[in-house]
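Consider the two complexes below, in which subunit A is the common component and subunit B and subunit C are the respective partners.
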Partner chain A sequence: MFYRLSGTYHTTYESDRKLWKIPADRWQVIAVLVLAVAAPFLVSPLYLGSYVLPWVIWSAAALSLTLLMGMAGQLHFGFAAVMAIGAYSSIHLVRFGVPFEIALILSGLIAAGIGTVFGAAALRVKGLYLVMATLAMQYLVDWVVVNVPAISGGAHATLRTPAVSFLFVDVSSLASRYWLALGWAVLLTLFFLNVKRTSFGRALVAIRDKDFAAAVIGVDPFRTKMMAFFTSSFMGGVTGAILAYCYYRAVTPEQFGFDVSIQLVAMVLVGGLGSVIGSYLGAGFVLLAPIFLTNFIAGMAGAGWIPVSQNFLSHLPLIIYGAMIIGFLLFEPLGLAKIYDNIRKYFLVWPFRHAKS
Partner chain B sequence: MSAQDDVLVCDRVVRRFGGVIALKGVTARVRRGEIFGLVGPNGSGKTTLVNAVTGFYPPQEGRITLDGQQINGLKPYRIASMGVARTFQNVALFHGMSVLDNILMGRHIFMKPNPLASLFYPWWARKEEIAHRRKVEEVIDLLQLAPARDEHVDVIPLGLQKRVELARALCAEPRLLVLDEPMAGMNQEEKEYMVRFILDAQEALGLTVLIIEHHMDVVTAICDRVLVLNNGEEIAQGPARETIADPQVVEAYIGKPRDAA
Partner chain C sequence: MQHEPFDMAAAEALHPNWKRDDHLLAVLARNAAAHPAEIALRERDRGIWHEYTWADYLAGVTEFAAGLEAQGVGPGDIVLVIGDNRPNLYMAMLGICALRAIPSPAYSDAPSDELAAQMVRENIRTAIAEDQEQVDKLMEARERHAGLSLIVYDDPRGLQGREPDGVQGFDDIRAQGAARIKAEPGLAGDLVARASVHDVAVLMHSSGTTGAPKGIPLKHGHVLSGVRNAAAAGYFRQGETHMAYLPMAWVGDFIFSIGAGLELRFNVNIPEDQETAMHDLREIAPTLYFASPRAWSAMLTRVQVGMAETGGLKRRLYDFFMPKAMEAERARLDGKPGARPWRWLGELLVYGPLRDRLGLARVERAYTAGEAIGEDVFLWFRALGLNLRQFYGQTENCALAVAQKPEDISLTTVGRPFPGVEMQIDEHGEILLKGDNIFDGYFQNPKSTAETLVDGWLHTGDAGQIEPDGQLVVLGRVSEVVEKADGTRFIATYIENRLKFSPYIKDAAVIGKGREILTAIVCIDFQAVGQWAQETGVAYTSYAELSQAAPVYGLIEREIADVNAHLPHGLSVARFVNLHKEFDPDDGEVTRTRKLKRNVIDERYGPIIEALNAGDSQIDFKAQITYENGQTGSLDRLLRLADVKEAR
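On to the complex of A and B.
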């Protein structure tokens, strides 16, 4: 079919370590990237602003979290708090007069700093206990944000993001906000793919798979876990700032609550742990599936095809959504990324049956 | 023998687990370039001694030195970076990685993992990755792992997995290579292959090897000297063939003649 491994030879170690080794994969990536960049001209502003833009930003958030949860194997159930720290710090830094570009980096560093402190406290424990420790971070950060007026501007206040420009381009129109978010998602994607083929990524996976074997070949478990927390929290912090400036444009503490953390974990799990494409698919599924299901059910009911009570009708999309998540995880526990991979492999060797990698 | 010829010296090493004394003051010297066998019945403290050397169970008493430097009390990853590599009795490979990535992990002590280097891969990390890939390919050639290079480690057979683990240890260019039962669970053919690979690697890389092994034919064939442990104590030490034939050693393994009757 479109993919073929035969005829693709790698004669140097450089080319063997390429990100996309098969020509068809490269074309696919270029096509998706072109479509993504051209989205403001292809999609109506309503769809761009309410579907595509949040999808891109939440994919970046899922990528940040899956570095920690998928690659390093450290469960984190308070990631929305990390994003909150990034969002609030970037707003206050810009208000203080710091240029937006530097404020983004600083807010990432602040989120990374605080995230790593909690990570360090949590590193003595594993598994479910780590979940509890990160939950504590979620609630502590929530509490501080709500109760310190200097941060949130008051208990029920909404903090508007100031007008900013990024590299001398004004970031206020929908298209420019979308492109900024897209640029960040692309940067994170490239970073993630590069992590996977370098010693940093291997050390993370080694710690996840067998920490004693990692130690015996010279990986410092504590340092590596701290680096995972730091990197992931940095990515999450900047994503939080991007989310505030490009999408919400007015920030309240509820936007970064515990349910958001759970949604992020769901994105990572449904998409497939530690997978780049899975982060995009997972974020897309968790964000968009409920919307499409609601519209779909409403349309069906409008046509008179679902003769049930109004009350039940409003819950039906959620029931189907939950069933779909369970179904996906039963059918393929490694997530949407694995389903994508299976399809890709099928075409890789079609009309034969077995693929190597 | 002068002291400089001793790579590893364990001096009256004691390790207790609660009330159980697993090592009761074991002393051993591993000389440079030799294959030193560690044998003994189950529960005699062989693996505990190895774990003491690699830092998993630091000894409560005694001293362990590597080329004259004290290593007991250091963390396992520090000991690894000083040049002690080991394999495990139950294969301890990283299941989320390919054979190649597993072996590349062996180069970890020479690499500097850094997220920024990953971000700027073409300008920063690539050179390092490629240089270490070259080293890894040399070991892959030596152990004939090329056909399995791109496989996932959990789909290859046990014999091959053990060889991958050996390759990973060799990539660290160790001063002391510790092999914990490299032939456990293998058939005769795989055993012979493994012995050949260990001897090849030792000759090619000038290794010093500390090996735990139950197969006496292997021990007498490849070990220069052996230390026999029983109940955490040394019962014999010396050249392989004579030591294995020692009546005390035979007794520890298969009991006294009158018990057997």
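On to the complex of A and C.
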């Protein structure tokens, strides 16, 4: 309906490969970006700090994980550990006197290094066995963080993030922390969109579909899998650092526990494997749906519309939330991204049913 | 023998008002000087559009002309041009004009014996071909016409490096020309200045519905005055975006893509392939669009089939808004003010998206000509928001003679003459035209010329009448008026066109000369009837089987009965047969522009026609078929013959 394609032509292959070739798509992207940048002026600090900011950061985390899980097909159930490495490294580096910008990159590299070492297991094992290997990483990293006081400052210590500035701008106000996180999410998004179109991205997809077959067509499985773990862990590490500095501002080992890893996997699966928009939708759903459901049920109960016991009432949002996840995945196994895609295509071929007419 | 148009004194006496230097090349040079960096041509190749500026255009024309001259092409030579629309072929045509030689375009699907006949008639020694396929045909034709000494190809695929004797690449010729222009400083300017307004710009051909095609030379002056008349009437605007997808051998393409293209600085876009033309149309979204009534109707059929497959909200919106708009347009056609409430909403939900899907989103001037257009088709596109208009013209008058004004909405009339064109109807009811865009006589055919041009009036051969408001109504060919056994006069084409308005009927031949009743041979539209069959559960495997299905006969009978209801008494079609195949130019049943060749139909389908008139209910017909490779064979077909009930 609002997708108008006529008059869109290309005189070079470069312009034909543009990311958003259709004007309507371009306008949507611009509109979302403008809204995102203007969010500190549009929503109250409470909402910005407790809904929008974590959404943006967890979306970046989901993007990092979906590169590994969605594009390269390597399951990873210890991604929170990767983020923990990033978060702790960056705090210690900054305390050590390294500038914040460089500390971000270094913490990413440290996370990437450790993540790649565990990823090496992926060369030998696949599927559920890889899940076990990455779970091992989760527990090992947890154990090390908790039991090495030099890292965590003790089992029950809380490590405050030092005050920092990013590119000479002080990052302490809510808005500036939000913009930094948004900048990182946008950077990751652009990286992800472009990596899909590079030889590296195609190699990842080839490995996902069948690593023997990929090897036959000349993709080196060893190198590609290592690069997948390295890239994804780097992105996850920096996201962990951003999470620590922009959102938590004080880190404890529990913030990067096993349940966080599972949540990340849920974000990627509910959103849609290997999809950019799916990462945003999945993170939004996993993060915000329980909150809204709880508020909604509480509101309903307050009005006296749900005549159940108080004990059951506290579990009701979780029951509905679980049913919703199952429902979405039954309705569209390819996730929220596919639902978005179906809606987009419905309008793209408007008023016909398919593109052939 | 060469064409000798160089009796300049006589030519100038014919058109004293033409200025000698006012020719197409001068116009091209003017554009290149004033707007060198503006895009003149755009061609889609492997998915992307290659652009040529006016400066590139002029350079291509002069360099090719210089190269061609070095190959011995001189004034008066006739050069064959064959292929689908390509920038290089347009440049070649103008390059040929620059040498005062004459381009003679041929349809790209013409078989080699037609080409050989054309080359013998016009003593052609040089040919420009698009690709290997055309070169192969020309090589074959060369065996019968040894005079063909040079073939120039454009697309190097399959040819470059292993050219047969006498075959050279366009780029090689152009490179030779570029070298010459470099060596001789005055040559480029000289090439642009050699031509005269009295030179023949192109040698077109009549469609040859009866006998061999006649050559129709159009001079620079004819083309330019035709274009200027049309521009003065607001028919073209400066700088239109135009889609050059129609055959180069058709007069309209020369006038639109070269004549108007140069004079009004069009942006001419050339699709990748005939098959991708509709897709490429959407990419470019032209501002000016011409299509034959058949093509408009095919476009409508495509939409209708697409909508039939759609369901739910989309279908309901279409079913709500489209009939509303059609109704309003119908009221406007009847002269009543048609109110269109909710128009903006329909525009947003239905009309706009559909125009976008068809690639007509930016079309401001949409035209059709050639034959009558169906009421439903005409109204549908008008309802969509296109100001679809009809015009009337022939090759002999540069296709630009009479056209509807934006406010003249009418189905039956074709409008008023352009400024600079005079029109009258003679005592036999024939349309006569006079003006600077009317040609000066057929190529080496004084007899036909004398019959057609009398005292400067062009006898079009079309029967017509002028309405009280000055608009022209074209009835049909004067020569086609025939009588039934009882003396009732009718024009078969008129009835056939009305039959073809049905989406289910692709072609029809109405036979009744000297007969008691009118009978029709019908070719069903495979796409539309196929869709209908799917919906109604009629099983079929092929065109032939679908055409013979009993429910399809019922469908066609209803369609014919509808047409009969609007025909005068005694002119209704009483019996018909669904043919097992479509009419095909390769079988000689229709011309390349899809006009019926009645003598071929009468001869080939004689047994069917006799059986129809005899009242038989079926016939075992021995069908002649021609395969793509030229071999012939025959097949036995059992064809059903049917009555139309309530035929008067």
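A few notes on this one:
Definition applied: the second predicted complex is superposed on the first by the 349 of 357 C-alpha atoms of A that agree within 3 Å, B and C clash if a C-alpha of one lies under 4 Å from a C-alpha of the other, contacts with A are read in each partner's own complex, and residues count from 1 in each chain.
Going forward, contacts are C-beta pairs under 8 Å (C-beta built on N, C-alpha and C of every residue); 3 or more make two chains touch, one makes a residue touch a chain.
In this text, all values refer to a predicted model and were calculated from it rather than measured experimentally.
Of the two partner chains placed around the shared chain by superposition, neither subunit B nor subunit C is touched by A:321. Applying the stated contact rule after C-alpha superposition, one finds that A:258 touches neither subunit B nor subunit C. Within the superposed three-chain model, A:206 lies in touch with subunit B and out of touch with subunit C [touch as defined at top]. Contacts of A:11 after superposition on the shared chain: subunit C is touched, whereas subunit B is not. Of the two partners subunit B and subunit C, more residues of subunit A are touched by B. Shared-chain residue A:217: touches subunit B; no touch with subunit C.
Judged by the touch definition given at the top, the superposed model places A:51 against neither subunit B nor subunit C. Applying the stated contact rule after C-alpha superposition, one finds that A:353 touches subunit C and leaves subunit B untouched.
When both complexes are aligned on chain A by C-alpha atoms, subunit A residues 13, 356-357 touch subunit B in the first and subunit C in the second.
The touching residues of subunit B, counted against subunit A in their complex, run 54, 56, 75-77, 80-81, 85-86, 88, 92-97, 101, 104-109, 111-115, 117-119, 121, 125-126, 128-130, 133-134, 137, 150, 152, 168-169, 172.
Across the complex, subunit C meets subunit A through its residues 42, 44, 47-51, 282-285, 302-303, 305-307, 309-311, 314, 317-318, 348-350, 352-357, 359-362.
Against subunit B, the residues of subunit A that register as touching in their complex are 13-14, 17, 190-191, 194-195, 197-203, 205-206, 208-210, 212-221, 224, 227, 231, 274, 356-357.
On the side of subunit A, the complex with subunit C involves touching residues 1, 4-13, 16, 350-354, 356-357.
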